[in-house]
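Following are the structures in question.
Look at the two complexes coming up: subunit A is in both, with subunit B in one and subunit C in the other.
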Partner chain A sequence: MRIIKLIWSYLRIGVANEMQYRVNFFIQLLQSFISLATGLIGLWLVFSHTTALSGWSQPELLAVMGVYLLMGGIIKTAIQPNMQRLMDEIQNGTLDFALTKPVDGQLLISIREFRFWQLTDGVVGLVVLAIAIIQIQERIGIGQALAFVAALALGGIMIYCFWLILTTSAFWLIRIWELVNLFEGLYAAGRWPVTIYPNWLRLGLTFLVPVAFAVTVPAEALTDRLTPLTLLGAAGLAILLMGVARFVWRLGVRSYSGASA
Partner chain B sequence: MPTPIVTVTDLAKHYKVPTREAGLKAATRSLFKRKYNTVKAVDGISFTIEPGEIVGFLGPNGAGKTTTLKMLSGLLYPTGGTPNVLGFQPSRRQPNYLRQVTLVMGNRSQMAWDLPALDSFDLQRAIYGLPRADFERTRDEFIELLEVKELVKKPVRNLSLGERMKMEIIGALLHRPKVLFLDEPTIGLDVTMQRRIRQFVSEYNQRYGATVLLTSHYMADVEALCKRVIVIHNGKLLFDGDLAALVDRFSAFKTIGVTLANGFGSFSQYGEVLNQDTGHVSLRIPREKTPEITARILAEQQVDDLTVEDPPIEDVIEKVFSQKSAEGDAG
Partner chain C sequence: MKRYLDFYLTSMKLAISEQFQYRAQNYFYMIGMIAEPVIYLVVWSTVAKQQGGSVGGYTPGAFAAYYIVWTLVRNMNIVFTPYGWEGRIQRGQLSGELLRPIHPLHSDVAFFAGWKFVVIVLWLPLAAILALIFRPELHPTWLQIVVFFFAIWGAYLIRTMFLSLLGMITFWTTRVGAIYELYFALELILSGRLVPMSLMPGWVQTASNFLPFQWTFFFPINALVGNPTPAELLTGLGIQIAWIVGGTLLVNLMWHFGIRRFSSVGN
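What follows is the complex of A and B.
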């Protein structure tokens, strides 16, 4: 209960922050609409020239793209901003304040930032998904819908853990901006089903960077490809990654020295 | 005798720091092969602090003051020695411990930059899970004490450095901590603002019986707030006791000021003449000769008024450190 209140407080601060500057607020609003429109137009252009790809029909590919955009929106709204702030604070030493609060440190650094403008990516993703589902022309059952939501949640958790482990390495390495770019490059590979890639790359995108679980697996749930075993595997990997992330975080905080005053 | 709030025994913190020569060549080499130096930031210090005390931490830059405060607030893991604060081991960072302490850093801010401070205060309420009524009472009390009723509604970025510091302090004390770690809380502030912050700390200490550990480079802060000081230098404890005793121990001289009835006189036979104007002389004399020389001046000169003073505390401290550095270089 307290955690929900705390998240709510940070959300309110985030929104208040955006509204503090009126002109900026309206420019952001405009910009979000523009990026929404250009995103949809771009997709339409690509997909009016694509047919099937290694067993995925055109509307199914569109569904993958939808999930890719949706997950990207979630990452940019809630995960990446928090991790970037953590990185900055490790460098500047202001993490001191977060670590002296009577709230679990990992929880606190994961909920402080919320860029709700980035939700537009998520909205584009939802629109694309809706179009894809209509085109697939098969009824999506409750079971499939639930599997989809579960797979999406597990994928989100895995991406969060992956980001946290990456960011926590800043405790030792201090400057790790390049790693962030690396993630963005790899995540871009997720816009296609990972099954189209050669084996080595597919393995990397599944277990090194959990893009496959974040995008392809939820899309499989929607297109009737998901086996219970895969979902179970996703759950297992998510739990494992949470454990590893927790462990690395603790180790990192232990060796945190703070920028000297 | 009450149980101490803070007990520190043989506390140590050693850092490994990469070092290299200047220049591109050395930078390239250090990409592959790093040399490390061990820096003993804190090297075996011990002390205890009683409930309600305000203790000043003194030492030049890099003496280990901040490192000690950070170990006590749970941010750093000690290399050696286990500090005990309020019965807790700080580095375990238990919520019940962190709820009772606070850390204020004069050169860092935890306020949301673009928002009025009131919003940041609300966030603190959520973090500490404070009941609304308590929170509002404390907040309004502090706002009144620091006279910032209007300022808390302005975005923090539009405030002056001193005004911002007031906000930082309010934000850091809303949960009414029992132990305050203040790291240079008045750094960069003008004299009036320094005094306000000082008064507030003293007021808080009296109202809530809080224990305060304070580092400052401004001796005025220390003189006004701290009866007791702990002096550290190069990670080692040099002195722990009353501020007055520090002066006694480390200053070998006193200053005698004489106002002359007839305006003139020769004083060089008594000691080093620091200053001589018409009607006034000041002399520097060895501490142990003070009674004798005072008596002689009173007997031999036509004196209107005579004062005996300790040298300014800054001079004493500076002397302590320069002496110790010289010893360190020699041995």
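What follows is the complex of A and C.
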């Protein structure tokens, strides 16, 4: 109960903060549309030369892009800003202020930032997804919709855990902003279903960086490709990653000595 | 003249020794960058295979050559970012640089030019690994190799000028992020960064002949991996020089008016 109240108040602070800068909403909207436009042009170029890509039709790939934008919006709203703040604080030694609060450290560092306007990416993603579903012209049953939501949630959890593990390495490596670039580069691979990539890359995008579970698997749920086994595997991997992230976080905090505060 | 030469040589040496110390970080950055062309390469090789072996004149091997050379050209294309200009102007760091008896742009050009030598050395093993995985087909003539060598430096200078122009918009307004994004989106599509220009519709190819973008990406890559005639190669270099000269003039013009608006205290 206390945890929910805490999350709620940080959420309110985040939204209130962003409400001060309303012009940012329009700028963010413009940027969302620019990234949508480049994505659509890429897709259109591919389909001006072929009719299907490894068995995925054009509307199905549009659905993949919708999920990609939606998940990207979630990451940039709630996950990445928190992790970047953590990165800075480890480097500057100001993490003390968070660690000394009477609440679990991992929880606190994960909920402090909420970039409300970044949700425009997510909304644009939802619209693209809706258009794609209409174009696919197959009825989406309750089961598929539930599987989609479950897959999306599991994917989000995995991305969060992956980011936390990555960021926690700053306890030892100090300067890691290059890793942010590395993550963004690899996440961009999610624009296309991971099944098109060669084996070694597909394995990497499934187990090293969980892009496959974040984007491809939810899209598979909507296009009738998802087997219950994959969803079960996703749940298993999410639980495993949560454990690993928790363990690495504890290990990291133990080796944190503070610097200034 | 000798003064400038000394300045350039010293700045480049400094950049080389500084960046070599950060080789691990440089590698992280380069590996992150490689994801982008590998994605394009996989998508277009798949399309080529489905179309019976080639699309737009490119076989999977030709795509591999295109996107592997892409990685070097992209690294050459990294210059002082407009975001850097934004910070420099907003936080007043420019004040300090204005005190020097030399235009601030010189130190950007020299520093990044020095950095390129580190980048090229670090790039070689990455290129070898990519070549082993993706099997590029590459048969350049000597002329193509020589032109490529000059073209990547031409690309570097053109992009330096245009990104500086973009960054200097900060003299007039502080909300520039969206303008940069728009520029980068246009560049992605019209430069050959996304796909070789020959896969684009005809009118896009025509339009981009009159824009600077493709002279920083497609021209150098195609100079090495395509089949351009010697005349095309030399004309291309000429057009690059024209864009460098034009860009420099524009930079000077914008600097001339922008710097009057700059008022800041700080370090």
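Going forward, the second predicted complex is superposed on the first by the 226 of 261 C-alpha atoms of A that agree within 3 Å, B and C clash if a C-alpha of one lies under 4 Å from a C-alpha of the other, contacts with A are read in each partner's own complex, and residues count from 1 in each chain.
We take it that contacts are C-beta pairs under 8 Å (C-beta built on N, C-alpha and C of every residue); 3 or more make two chains touch, one makes a residue touch a chain.
Since this is a predicted model, take the numbers as computed values, not measurements.
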### Task
Quick one: classify A:49 as touching subunit B (first), subunit C (second), both or neither.
second
### Message
Tell me the contact category for A:134 with respect to subunit B and subunit C: first, second, both or neither.
### Response
neither
### Which of subunit B and subunit C A:96 touches, first, second, both or neither
first
### Task
Pick one for A:38: touches subunit B only (first), subunit C only (second), both, or neither.
second
### Task
Using the superposition on chain A described above, determine whether A:13 touches subunit B (first), subunit C (second), both, or neither.
first
### Query
Which of the two partners, first being subunit B and second being subunit C, lies in contact with A:203: first, second, both, or neither?
neither
### Task
Classify the contacts of A:184 with the two partner chains as first (subunit B alone), second (subunit C alone), both, or neither.
second
### Query
For A:149, is the partner it touches subunit B (first), subunit C (second), both, or none of the two (neither)?
neither
### Message
Considering only the defined contacts, which subunit B positions touch subunit A in the complex?
### Response
15, 66, 70, 73-77, 93, 95-99, 101-103, 105, 107-110, 112, 114-115, 119-120, 122-123, 125-129, 155, 183-184
### Task
Please give the residue numbers of subunit C that touch subunit A in the complex, ascending.
25, 28-29, 31-36, 38-39, 42-44, 46-47, 50-51, 55-56, 133, 175, 177-178, 181-182, 185, 188-189, 194-195, 199-201
## Note on the structure
subunit C partner, complex, touching residues on subunit A are 23, 27, 30-31, 34-35, 37-38, 41-42, 45-46, 48-50, 52-54, 175, 178-179, 181-186, 188-189, 191-192, 196-198, 201
## Note on the structure
The answer for subunit A against subunit B in the complex is residues 2, 5-6, 8-10, 13, 16-17, 20-21, 92-94, 96-97, 99-103, 105, 108, 254, 256-258, 260-261
